[in-house]
Amino acid sequence: MSHVRVLNPNTSAAMTDAVLAAARAVARPGTTVTASRSRRAPATVETHVDEVFGAAGVLEQVEQGERDGVDGYVVACFGDTGLPAARELARGPVVGMTEAALQAASLLAHRFSVITMPPRTIAMTDRVVAGLGLSHRCTVRAVDVSVEEIETGAGPAFDAFADEARRALAAERAEAVVLGCAGLTDLVDGLRAALGVPVIDGVAAATTALEGLLAQDLTTSRANTWAEPAGSPTTGEVWG
Amino acid sequence: MSHVRVLNPNTSAAMTDAVLAAARAVARPGTTVTASRSRRAPATVETHVDEVFGAAGVLEQVEQGERDGVDGYVVACFGDTGLPAARELARGPVVGMTEAALQAASLLAHRFSVITMPPRTIAMTDRVVAGLGLSHRCTVRAVDVSVEEIETGAGPAFDAFADEARRALAAERAEAVVLGCAGLTDLVDGLRAALGVPVIDGVAAATTALEGLLAQDLTTSRANTWAEPAGSPTTGEVWG
Amino acid sequence: MSHVRVLNPNTSAAMTDAVLAAARAVARPGTTVTASRSRRAPATVETHVDEVFGAAGVLEQVEQGERDGVDGYVVACFGDTGLPAARELARGPVVGMTEAALQAASLLAHRFSVITMPPRTIAMTDRVVAGLGLSHRCTVRAVDVSVEEIETGAGPAFDAFADEARRALAAERAEAVVLGCAGLTDLVDGLRAALGVPVIDGVAAATTALEGLLAQDLTTSRANTWAEPAGSPTTGEVWG
Amino acid sequence: MSHVRVLNPNTSAAMTDAVLAAARAVARPGTTVTASRSRRAPATVETHVDEVFGAAGVLEQVEQGERDGVDGYVVACFGDTGLPAARELARGPVVGMTEAALQAASLLAHRFSVITMPPRTIAMTDRVVAGLGLSHRCTVRAVDVSVEEIETGAGPAFDAFADEARRALAAERAEAVVLGCAGLTDLVDGLRAALGVPVIDGVAAATTALEGLLAQDLTTSRANTWAEPAGSPTTGEVWG
Amino acid sequence: MSHVRVLNPNTSAAMTDAVLAAARAVARPGTTVTASRSRRAPATVETHVDEVFGAAGVLEQVEQGERDGVDGYVVACFGDTGLPAARELARGPVVGMTEAALQAASLLAHRFSVITMPPRTIAMTDRVVAGLGLSHRCTVRAVDVSVEEIETGAGPAFDAFADEARRALAAERAEAVVLGCAGLTDLVDGLRAALGVPVIDGVAAATTALEGLLAQDLTTSRANTWAEPAGSPTTGEVWG
Amino acid sequence: MSHVRVLNPNTSAAMTDAVLAAARAVARPGTTVTASRSRRAPATVETHVDEVFGAAGVLEQVEQGERDGVDGYVVACFGDTGLPAARELARGPVVGMTEAALQAASLLAHRFSVITMPPRTIAMTDRVVAGLGLSHRCTVRAVDVSVEEIETGAGPAFDAFADEARRALAAERAEAVVLGCAGLTDLVDGLRAALGVPVIDGVAAATTALEGLLAQDLTTSRANTWAEPAGSPTTGEVWG
């Protein structure tokens, strides 16, 4: 059976527990699902500066994962922090929660909308949407809630996401909603009931996409872009 | 456990057996995988005329599948014949082999190439590539081999695909290859060995993508585009 | 003189009469204009399921048209149902009402808007807009009126279209309007007067585009995509 | 009956005769077709500098046409020189030979190619292709022949176009060819016979498109972009 | 030291003074900055007809500039009137105020908005935005103010721009604003203070971009599109 | 006078000297130009793993630069490593060598080509090209030369770039060439002479673009995407 690891680019233990639970809820029977978090990084990834630190944390986690014999990885941060570098380092496939969520949405809805937070991270979602070429089917919206509200799952977060999603449904005829942040799994069932459309959590989507690649015995192409970084140093060599 | 059905738009029993085997090889343990084929359709889908008949055959198969309590469907024809209509009819999710193959390729390679056949079907692949927005990462090539060669798996088919794939790798720096026809599963291992890059069979990719959606308890949005076709007749009402 | 036939994918005699009248109103003097409708299909095409049946009905009509010596065809359903397959079957050119309307609009206005109905068919218009590459100049809007209102031409339909068109003019600076359904010809004059911008009926646009191709002695390329479907069965062989 | 005028942006009488003949060959019975040419402009339009002079010449011709009661205009220069300004000045519709040729090609072929000349004018064709959004279906190629060869219709021009077209058919699977210069009408029949695919002359295509708009009682939108240039001076006021 | 000339396509002396001042305010110490205006053209460029006359005026100015030994040119009209032809004629580089403003904005903001005037000129800005490929990051808005208000810099113009810019910031999350008309330099400081985001004047942006090219010893490529127009006549030869 | 700093994401002193010289050669008289390099990073940036380390090195350099009162920064690595994060941290503007080179090329040529190295970095250039929207005018090519050859400027590097550039000119009608690596400034004059088209070095282009922004008193928008990262840690806090 395969061993899948969920990588949390930030240092939050609570977030790590949340994404691990989200992955385990959808994994195949028999799959071992573990999670890790960055040792040296911010508590949340909300800026491009945070993304640099978060990406370095992802690399260190993949180095550890390779030592642990992990078969494949999920990057559990909206924006897919550090994904290309992780693909170079890992023997097995690596799937980002953002790309997987967008791909799942495209199988369920002609048009859909991402609701991310805070607004300044819209550019990071735009980056993934553009990379996949889905700009013609996907809009990106944001709510102004704090990470604390998200982590506690209190009412304001739910209402903020529900209200913004309703605006997407009405104004853009969106037919499905992608939750634009890790750790929002607890909102999924309530939002599905409230909105009546598919609501997608990227960690779950990425876990099943990763397992699908493993079942097909597929891993990252070594042909050019994501070939092994033979001459590159390790995180230990660079930062001690 | 869930029940997944692979829909073959054409009438070929051999092709149906092949795609069923491809799906079963990657399905989760415990999943029931069945297959069906069109009752009234051409033996192969190579023209837009064939696609019309094949789409009607897919509808009839979904009508039967709903009576059989099927949880989700794979459309096993390159070009994803009849996919939007199938989504309207089915309670559960429906995944096309083309869209799933392209999405898997995008997780493994920066640039990739579809090798389809015969050349006149390039437009059908273009349609799916454009629908997903992947034109900037994917080229579409074709080989001139007959369906008989494909069905028998004889040497010429393998060589034709390998040669065309090598041209894609060299001329376009493609890093992965999508096989652009159902029933080519037997070529996968040989081509992977010969080419040294990921080679993707859409039926396998679609089966795992479909199971991923089922694991997430997700199905087609009923919000607008693919809502139930309440006023539409059945195939029996139209064609007896 | 040439013989042009307007193909109505659905089974409505009233709609068939309406599109025939629209075509005759703009045809060249001396051209014979006839119309036909599907024998086995829904009464209206509003879902993707309907489109499958409608496309099959179009094929059967083209088979009859070829026996009748028809020189070219108009597909009179918004979304251009069955168009690629009709191109393969017909010796002469085939023009869809949607593509022709969009092309006419692009000659008259920098930006324009389609007003279609009901909303679930927006995806079908999106398909034609994307195929022609006009997404940067064209928006797609929809009104929630029933086909009955449309067929009777009662006030509510007119007002619904006029109101939605005014929103397009104001909010998107649209400079022309395409009516997104066959059988709306009777609304054209009133809407032109009310809106003060070009209002385009696709059946009229397609009829003149088709006659233009005939005047240039042009027909569908047989080079690859729309070559004759030599090995494909007829509707009679498939459905009896 | 309507009066259509073909506008030749350059000063060549021979070219004017050629485009007039091309238009008359496809016009509706009863339509009056006339032609005019620039009074102050270069003998051919091959540079952006030429285009400025040619556009001014088109304006002067439209001013004269309006005095003559012309109902609609064709701009007979590849690149559609002066088209937007002509639309502002003319009461009736104006169609460019480039846009009309591209639109006709899109009705006949999934992919097609323009063969223009000389190579430095590729950018002007690119401009029209991009304006119509057809970059995904159309390539632009050029031959290095002189205008003299074109005007005399000697063998080298025919062979140059035929050879370049064959390269487009082979290398890009083009299925139709657009002749990228006015005055090439005499090549059409020979190229169609030699290539076996639709070969489109833009002057003919524009003439029928223009007549189609007239038959639908449609003219340029006055809503915004191409509204009458109320405050603009005439060519006489500016240049005497 | 280099000699840079700002070309005003229209005939307004006041506008010419304004753009000259804007250029001088940002030019390198030691650079000679001069300006010229069209001799035969409209007083403002607000229509496509005006653009034709303005482009001819630009050509005449470049012809004079070449005689004066000018090293590089700025085209000081939003829409970059006559730019491609000017590139062919000038030995040195030519930069349009629109393209330079858009490029500067892209270095400062993920999304931005042009506020142009009057609304009918939106199409001209769209042309430059599309030519640069920035449609995914830039919206184009317009205010309905008269040129007189702009030239006098009275309150209404400032308020109109500020209000429209605030709508762009709020509704589209624009992060910077481009002023879509020459001669608005006096509004820059006030708008920056009022809006709190970068506000860009294209004449200033183009002047520094041009000086950058000169510092790198770069000029327009002569390879194909903008090669010298060897066979083209001069404005004197055409218009006397 | 302003103080501009060139940031070298890698640790090579020779490369740092080279980019400093390139910047100084084009800077305004009176501008202070300094350079720095990463303290903890690889010797070259050739993989996505290297990019993570390089981006972190850029952050540390900007932190130092802010303490030094630097007015603006150039990121001197093809791919613009760490650029968005640097924009958040710096008070003044930050320009990447890739984006600046592409923008300069677009002012000089209708179509152009980047020649980068090694091939696996094509994806990083693609990222910048797509971010600017220039895919329709720019191709990306690569040569297979080692960094050692580049740093020594030996014959093979020159020939490799010249040969690949000639292929771009011939096969794609490219009209200008962008050198896709920092430290290639010494090749510029020779390549310009050999190719006869503009050859652009991104460090020079970025330096002049940056000075242009400073002359206009413009800096990064603080409105949303690149607002100050108030809650983000410093490199010292994360890595000691």
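Order of writing sets the chain letters: A, B, C, D, E and F. Residues in each chain are counted from 1.
Please note the rule applied: contacts are C-beta pairs under 8 Å (C-beta built on N, C-alpha and C of every residue); 3 or more make two chains touch, one makes a residue touch a chain.
No experiment lies behind these values; they were computed from the predicted model shown.
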{"item": "Contact distance in steps, from subunit D to subunit E", "value": "1"}
{"item": "Remotest chain, subunit C as reference, centres from CA atoms", "value": "F"}
{"item": "Of all other chains, the one whose Cα centre sits farthest from subunit D", "value": "A"}
{"item": "Inter-copy rotation, subunit D to subunit F, in degrees (Cα atoms; steps of 5)", "value": "120"}
{"item": "Inter-centroid spacing, subunit F versus subunit A (mean Cα positions, whole Å)", "value": "30"}
{"item": "Intercentroid distance (Cα basis), subunit C paired with subunit A, Å", "value": "43"}
{"item": "Chain centre separation (subunit B, subunit E; CA means) in Å", "value": "52"}
{"item": "Multi-partner residues of subunit D (at least 2 other chains)", "value": "110, 119, 122-123, 130, 135-136, 173, 224-226"}
{"item": "Pairs of chains found to touch, sorted by chain label", "value": "A-B, A-C, A-E, A-F, B-C, B-D, B-F, C-D, C-E, D-E, D-F, E-F"}
{"item": "Subunit A partner contacts - residues on subunit C that touch it in the complex", "value": "119, 122-123, 126, 130, 135"}
{"item": "Subunit D-touching residues of subunit E, taken from the complex the two chains share", "value": "40-42, 44, 46-53, 55-56, 59, 82, 84-85, 87-89, 119-120, 122-123, 130-131, 224-227, 229, 231-233, 238-239"}
{"item": "Parts of subunit A lying in touch with subunit B, wherever the complex brings them together", "value": "26-30, 93, 95, 99-100, 103-104, 106-112, 132-137, 169, 173-176, 196-198, 200-201, 204-205, 208-209, 211-213, 215-216, 218-226"}
{"item": "Residues on subunit A engaged by subunit C in the complex (per definition of touch)", "value": "110, 136, 173"}
